[in-house]
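When the chains are written out, they are named A, B, C, D, E and F in that same order, and each has its own residue count from 1.
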Amino acid sequence: MRKRIITLGEVMMRFSTPDHERFVQARNYDIQFGGAEANVAVSLAQWHHEVSHICAFPDNDMGKAAIRYLRSTGVDTSHVFLGPGRMGLYFLENGAMQRASKIIYDRFDSVFSHYTGREKDWEQVFEGVDWFHWTGITPAISASAAALCLDILKAANKHGVKVSGDINYRRNLWQYGQSPLDILPELIGYTHVVIAGLTDFANCMDIHESDYIVACEKAREAYPSVEKIATTERGSISSSHNTLKGQLWNGRELLESIEYDMPRIVDRVGGGDAFMAGLIHGLLSKEDNEALEFAVAASVLKHSIPGDVNFVSEDEVDQLVRGENVGKLLR
Amino acid sequence: MRKRIITLGEVMMRFSTPDHERFVQARNYDIQFGGAEANVAVSLAQWHHEVSHICAFPDNDMGKAAIRYLRSTGVDTSHVFLGPGRMGLYFLENGAMQRASKIIYDRFDSVFSHYTGREKDWEQVFEGVDWFHWTGITPAISASAAALCLDILKAANKHGVKVSGDINYRRNLWQYGQSPLDILPELIGYTHVVIAGLTDFANCMDIHESDYIVACEKAREAYPSVEKIATTERGSISSSHNTLKGQLWNGRELLESIEYDMPRIVDRVGGGDAFMAGLIHGLLSKEDNEALEFAVAASVLKHSIPGDVNFVSEDEVDQLVRGENVGKLLR
Amino acid sequence: MRKRIITLGEVMMRFSTPDHERFVQARNYDIQFGGAEANVAVSLAQWHHEVSHICAFPDNDMGKAAIRYLRSTGVDTSHVFLGPGRMGLYFLENGAMQRASKIIYDRFDSVFSHYTGREKDWEQVFEGVDWFHWTGITPAISASAAALCLDILKAANKHGVKVSGDINYRRNLWQYGQSPLDILPELIGYTHVVIAGLTDFANCMDIHESDYIVACEKAREAYPSVEKIATTERGSISSSHNTLKGQLWNGRELLESIEYDMPRIVDRVGGGDAFMAGLIHGLLSKEDNEALEFAVAASVLKHSIPGDVNFVSEDEVDQLVRGENVGKLLR
Amino acid sequence: MRKRIITLGEVMMRFSTPDHERFVQARNYDIQFGGAEANVAVSLAQWHHEVSHICAFPDNDMGKAAIRYLRSTGVDTSHVFLGPGRMGLYFLENGAMQRASKIIYDRFDSVFSHYTGREKDWEQVFEGVDWFHWTGITPAISASAAALCLDILKAANKHGVKVSGDINYRRNLWQYGQSPLDILPELIGYTHVVIAGLTDFANCMDIHESDYIVACEKAREAYPSVEKIATTERGSISSSHNTLKGQLWNGRELLESIEYDMPRIVDRVGGGDAFMAGLIHGLLSKEDNEALEFAVAASVLKHSIPGDVNFVSEDEVDQLVRGENVGKLLR
Amino acid sequence: MRKRIITLGEVMMRFSTPDHERFVQARNYDIQFGGAEANVAVSLAQWHHEVSHICAFPDNDMGKAAIRYLRSTGVDTSHVFLGPGRMGLYFLENGAMQRASKIIYDRFDSVFSHYTGREKDWEQVFEGVDWFHWTGITPAISASAAALCLDILKAANKHGVKVSGDINYRRNLWQYGQSPLDILPELIGYTHVVIAGLTDFANCMDIHESDYIVACEKAREAYPSVEKIATTERGSISSSHNTLKGQLWNGRELLESIEYDMPRIVDRVGGGDAFMAGLIHGLLSKEDNEALEFAVAASVLKHSIPGDVNFVSEDEVDQLVRGENVGKLLR
Amino acid sequence: MRKRIITLGEVMMRFSTPDHERFVQARNYDIQFGGAEANVAVSLAQWHHEVSHICAFPDNDMGKAAIRYLRSTGVDTSHVFLGPGRMGLYFLENGAMQRASKIIYDRFDSVFSHYTGREKDWEQVFEGVDWFHWTGITPAISASAAALCLDILKAANKHGVKVSGDINYRRNLWQYGQSPLDILPELIGYTHVVIAGLTDFANCMDIHESDYIVACEKAREAYPSVEKIATTERGSISSSHNTLKGQLWNGRELLESIEYDMPRIVDRVGGGDAFMAGLIHGLLSKEDNEALEFAVAASVLKHSIPGDVNFVSEDEVDQLVRGENVGKLLR
């Protein structure tokens, strides 16, 4: 069933070196666009939801190219702000074998980092919306981005919109004078489905536990809005070979998905966002355990596709859940 | 020893997305040419046989490009017909990991599908020829293609030419009002070496058995011309990882090849055709079990090469059969 | 600690087919530069040593491009000779799966093969130098190259420079009328650290042993200058999957490194040179066992990088030795 | 001022050879999408009109890629029909110097050619619409496409929508048994702004005149709906060098634009569509002579851009009309 | 009318920098094959003559790739010798504007330079042949190549084969101890149609005249076999802009073609060979003046095509002679 | 004669769209490095001067790639500072025909903009140096860059180093609160050779004249250090077609170069820097009028080369000055 979903977050231009070249070797870069929340938005739009993404771009050709990208995927761009300034960028060097992949971010001082959203009536925007998704990256970027996130969360809650938040703690980001614990607890207080691993619990919710179920229960106590908590477990055998499984705590029990072997990864960036999108889609229409399996299978397929985005159909994910057509040649 | 071999079948222009991109991502396509029977022809020409391929192309630059391709490989093109109409095309999206590869065919109404071959004196063409090869794809394309196949089989049989046929049942093709069982039995009646798996037996010969040897024996009874029947067994662990072995029933026993592990496939399209070519080459000069091992090793090497065609020398196949130089760096 | 290092050897222009294409398929070639000794030089320059490379190029745009390459890596080119003649070339076809990789050399009659070095005062060049590195490729190229190598080794020994030599026996090279045993023993007599496997012992030192330690001890007796002998053991499961470990005999015992699994090799050319560079760097600053582990880890990382050269930092090698960041996504 | 505009016509996948290669040379094709009417739609969307395009695609990945393309440009795709069948294709070889450019169409039997539009209530679709655009290509494709065009023209006229039609006579298309004179006069009878040259007048309106003004006056008599008639005059000095000017007959006089010299054309495909889009945009907001100059300048800029589509802003066209920033480097 | 034609000459692998990059910038090279005489052969094969090319390649993958190239064009390769040694190479940097194009040859010591042709019965080869073509490049390469050329010319003359020779004086080639005047006069003595400019007359025939007609008359006196002499006049305004016309002295008068302007050259290499092929084709079937116009038009079209070879049909050349379709977009 | 030259200025990473694509079309970018002053440095190093460039890069892989670039050209990098922060970037869209080229700068807040140079003893750096070059871009970037420029100019003057400055007024840069007239006059006071057009005189020296000679004379009065003033005159017929000539006022008279027609420009970025480099090289070794002709010819050749940098030899420039080899094919 088609739902109305809104997402919030910066979309960056992504420059990746081709064919496993290192940064010092590359003479040309492949261009894509990506951002944790927009990656979620695109997956959901592809699965036939009505998705609108809130972000801000420079009012130049790079901003226009980013809008073209979002539009091409079917995501509504009527809440994209254009203003003076620079585009957030990131540079990706794909690793191989034991050699790690590297990302160099160049996103400080971007148009998004200065965007306040004050020109918008967020309450009106959220009328009739079914789901809102944010991540811990947005409040880490700048004080104004954190404030914007809070404004929007309040508006969403007023309209009874279901809210998911991917905590996604990144130590290098928080550079505007606040720590995660200064900011995130209030935001989590407006959130119902949380993606968090033990590191996120510790750094962003001040919950220091080594048992995941106990951590979830403590989170539920501290943040009564939180109904479900999920995470993925990735085994990094090499840059080209990972394993992946997912867990979902639904307030009663901890569900575990099957574990997938991924021995020839094409691009792992966006794998977590594909899981998040799968989980939102699953929770909107399936039982918890089916939702979790859908989320993990979606994430696995993402690893076979170049770029940030999971260009797979709902049908393809369902087939992987059922073990059909795996590695076939479909004619 | 150099033999004279003729093959029959459509050659299509192949458009494949680069670097595991999905169809919706690709901004340019790599161009190759391929077709099950021409792929066999090219392998055999490379192994120094005198091979001529019968097909039909549009009389435009795309047809000329296809002829250039065949000529470049040393296949004789004097039996290629040029006429008005369109080129058969196919589009290939290379899968990765659990994600399946996809082919979209766009071959209906091609020049080949309308080609009757009435302008040719096929009996004369087959004078002095040692081997003829066809597949079940040709009679599936159109009534005229089925009729052409039958005309040619009769001419070949008149001259005592050894005939191989790869049944290759493809459900989506048969769209001109006839079913495989209407057409194929008569054609198989002129054939001596058959490639068929259990699905092919069931759909194309009306032999419904689960034991391969029993099926072969029944086929021999129903089609007395058939001397040998072979098949490959592919294990599809993922798009990038298959296993492969071959089987050959020679009227007396079922021979089995060793099984190869193929953990990093470059391009699996044409793998079956490489097996077929290896088997024809083997049966023309080797013992049955050697022929089978040659066929499987040829097919394995094909999986390491981009495109439809198995650009390997006879020597390279022999080395793999002997386990020499596997994965080396030859200077 | 920054050391002064000199290396000697031909640098060739390398033409490699893209995307696992075979030579007969390729329509364009990627260009790199490489040569066993220069590959060592570049690694060492990258790890902050002061490295100068001795070689000779044609005095045309191809020679200029080669100099640009060396300069870009920080290797000093003041000992590069430019003269009339041709550039040494090599063509590389990357294998895949069971299909071997192939190199076609086209280096005969190059400027380097005629270079005598008589215009230089080598003794002056080696004042204050800490290390000199040569390989068995140089004396295999031509009589004048062998003589140059000997001249330089004498000059290096006069100044007490530590010398390493990678025996690197290549049967196809020795085509100017001398055999390795005519030439190499004298050169090894000026060398302190030798890279040699059992084949090298047999062909280049006339030591025919199947036990590595015994062979090392005999080498020590025959060549008293030799203090340490090392080698790598490569398991070639397929072109895409090797295993690697290293051994170092230090006159007292045979040290063995851990063994690495390399299941998705990007480019194995230069893997031995990366080991050599790692060993030199290690022996200049670490204990023997640490030096060996550094060398093997450096070699493993090389296999993840396209081209001849190991573009990795000292820090990245150290991390792999410690098992840190293996296959991660570093943000 | 933002207007509501609807366009109708097939969008094809375009395969063009790179770097002036001939069809027989190309080993890869660049992919774009194009179609005369959609090219107009995209220009108008870019200039901030609200544009919706009516067409039909196969319900497979190629159709999805076409929709992605339209969406990316901001054109609404809610009137795009998806059904079984094939995608219309065209192949482009870019000429150079005296060598002509070549297009091979492969569009027969496409989903669009079978599309009847009967599932739609066209009258409702045209409520509140300001402009509708069609070309003579659509009725040339098939009887059902001609019927669809007529249905839509009637619906548009009922709602008082202004209609433009680009006659665009293509002899090779009309292959379904009707001639242009059987079909087009009725369609022109619902049209207010016509693009036609003397050949179009002769073949599609049965007006055989050598004087353009006389031809226009006769057209006005025969088709009272027609208010304005325009055309471009292209001088083809070579494939790389054309001249271009435009003419607009507005019922009173024949306006002529300035003539542009285009000595280094990048891609001339879509040049006429860029003129058409410029004329529609101009007539919606400017005086006739300004509209004509805008149209010609838009067309000139198109020739500098690879692909079918005129990716230029309104501002850039205005600057060329004013002779500003021509050939500058804007920082 | 289809004629039997034989050509002789080295085919080299050509490496060209893309997009006007200089040699020191290029990171990849485009691969083609070319050679003055083979370029003629390919043109003639394309125009439906039965053409066989005599040359020699290394018996490795590079030689196989060269054979594939020749075969793809329809040139017979049964007189291609494969032996040990190296492939002749050349490197091309495309100029632009005032900057000259540069070729670096790397062809010394190639298999062709050592090829004697003694294993062949040349007299038998030339039975029934209509035309033989050679150039002054072959005897410039080595003593054995000069001897081979002479052997073949004698065999051709015995069978009354018409012979053309393109003198093509290249000062840098003659490095084996003979001068052009030592060798070429004897070869020209077996030749009927000569391509020579004033420099060629001076250096290769010892005829020092500034008037072309006088030079031709003197050549006729000195070499009674010579019936016709032709040349092209190229005006080099810039690397991208030349003019071209041709002249043909037929023993009676000097015919002059029209002059073409070529303001946007794609690739001028092979322009002279295209003229030569056009002249041979023309002289085999047309009046002298028509032959000359055909030759020049063929040469002009070559300048619009990347690579050494003139991929144009006879029809396209005829159209340019008639001034039809120049610079059009043919649909 | 080899001179010691120092240059100062930011080097940016340059991302350019391929094949005249617009920013909104590009899916990959070509990577180069460039900056007005470093472009001068590279030209001079190529012409065999000993050049060192002062700048600052981020201490990450992008900074390392920039250093690799500088080193590859032979420019000394011992005065390159590495520190935390971001790399300056610029994005280039190559225009065509009437469509202008566009640059989007993304250089604010770069490591260079914060670099103070306080860790260096500039006086020592300039010992024995022959020439120093700066441009008006550096003081426009930030207050600290302006201060650095002044510090260095003072040090250079103390050592009697000849100084050139390219005023290069860019209105969009000056954003740190100072205007050109606040800053530049002091810097010009330390400068002997100035590049300035009438706009530069007006905006940066407060000299408002329409006659170039008068402006020069006034500049000489106001800035007694100034000995020579030069400028180029560019005629922008289109993005692909410019004309260029140069002027040099030497305190006595205004010299004018010949004017070049440039009808097929490959890349005009860096054309002014090539003129500057040519002028410095010329003034160091030639008469004024020869220096001017050398400078203009160097600039013309730059327009034929992709990227910021003028990869031409001194010999090639001299040949163009003499009108030799223009547009030839050099073998």
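Everything below uses one rule, namely that contacts are C-beta pairs under 8 Å (C-beta built on N, C-alpha and C of every residue); 3 or more make two chains touch, one makes a residue touch a chain.
A quick map from chain label to UniProt name: A, B, C, D, E, F = PfkB family carbohydrate kinase.
These figures come from a predicted structure and were not determined experimentally.
Undergrad: Count the smallest number of chain-to-chain hops linking subunit A with subunit F, moving only between touching chains.
TA: Contact-graph shortest path, subunit A to subunit F, evaluates to 1.
Undergrad: Hey, which chain ends up farthest from subunit D, C-alpha centres compared?
TA: Here the answer is chain C, farthest from subunit D.
Undergrad: In whole angstrom, what separates the CA-based centres of subunit B and subunit D?
TA: One centre to the other, that is 44 Å.
Undergrad: Find every residue in subunit A that makes contact with two or more other chains and list them.
TA: Subunit A, residues with two or more chain partners: 18, 22, 24, 27, 68, 102, 263-264.
Undergrad: Thinking of each chain as a vertex joined to the chains it touches, would you call that graph a line, ring, star, complete, or other?
TA: Chain contacts: none of line, ring, star or complete; other.
Undergrad: Would you pull the subunit B residues touching subunit D in the complex into a rising list?
TA: 15, 22-24, 26-31, 60-62, 64-65, 68, 86-87, 89, 91, 93, 102, 104, 106, 108-109
Undergrad: Note which residues of subunit A are touching subunit C in the complex, please.
TA: Interface residues on the subunit A side: 19-22, 24-25, 95-103, 105, 170, 172, 236-242, 263-264, 268-269.
Undergrad: Over in the complex, which subunit A residues touch subunit B? Could you list them?
TA: 18, 260, 262-266, 300-301, 303-307, 311-312, 316, 320, 325-331
Undergrad: Would you mind writing out the residues of subunit C in touch with subunit F in their complex?
TA: 68-69, 71-74
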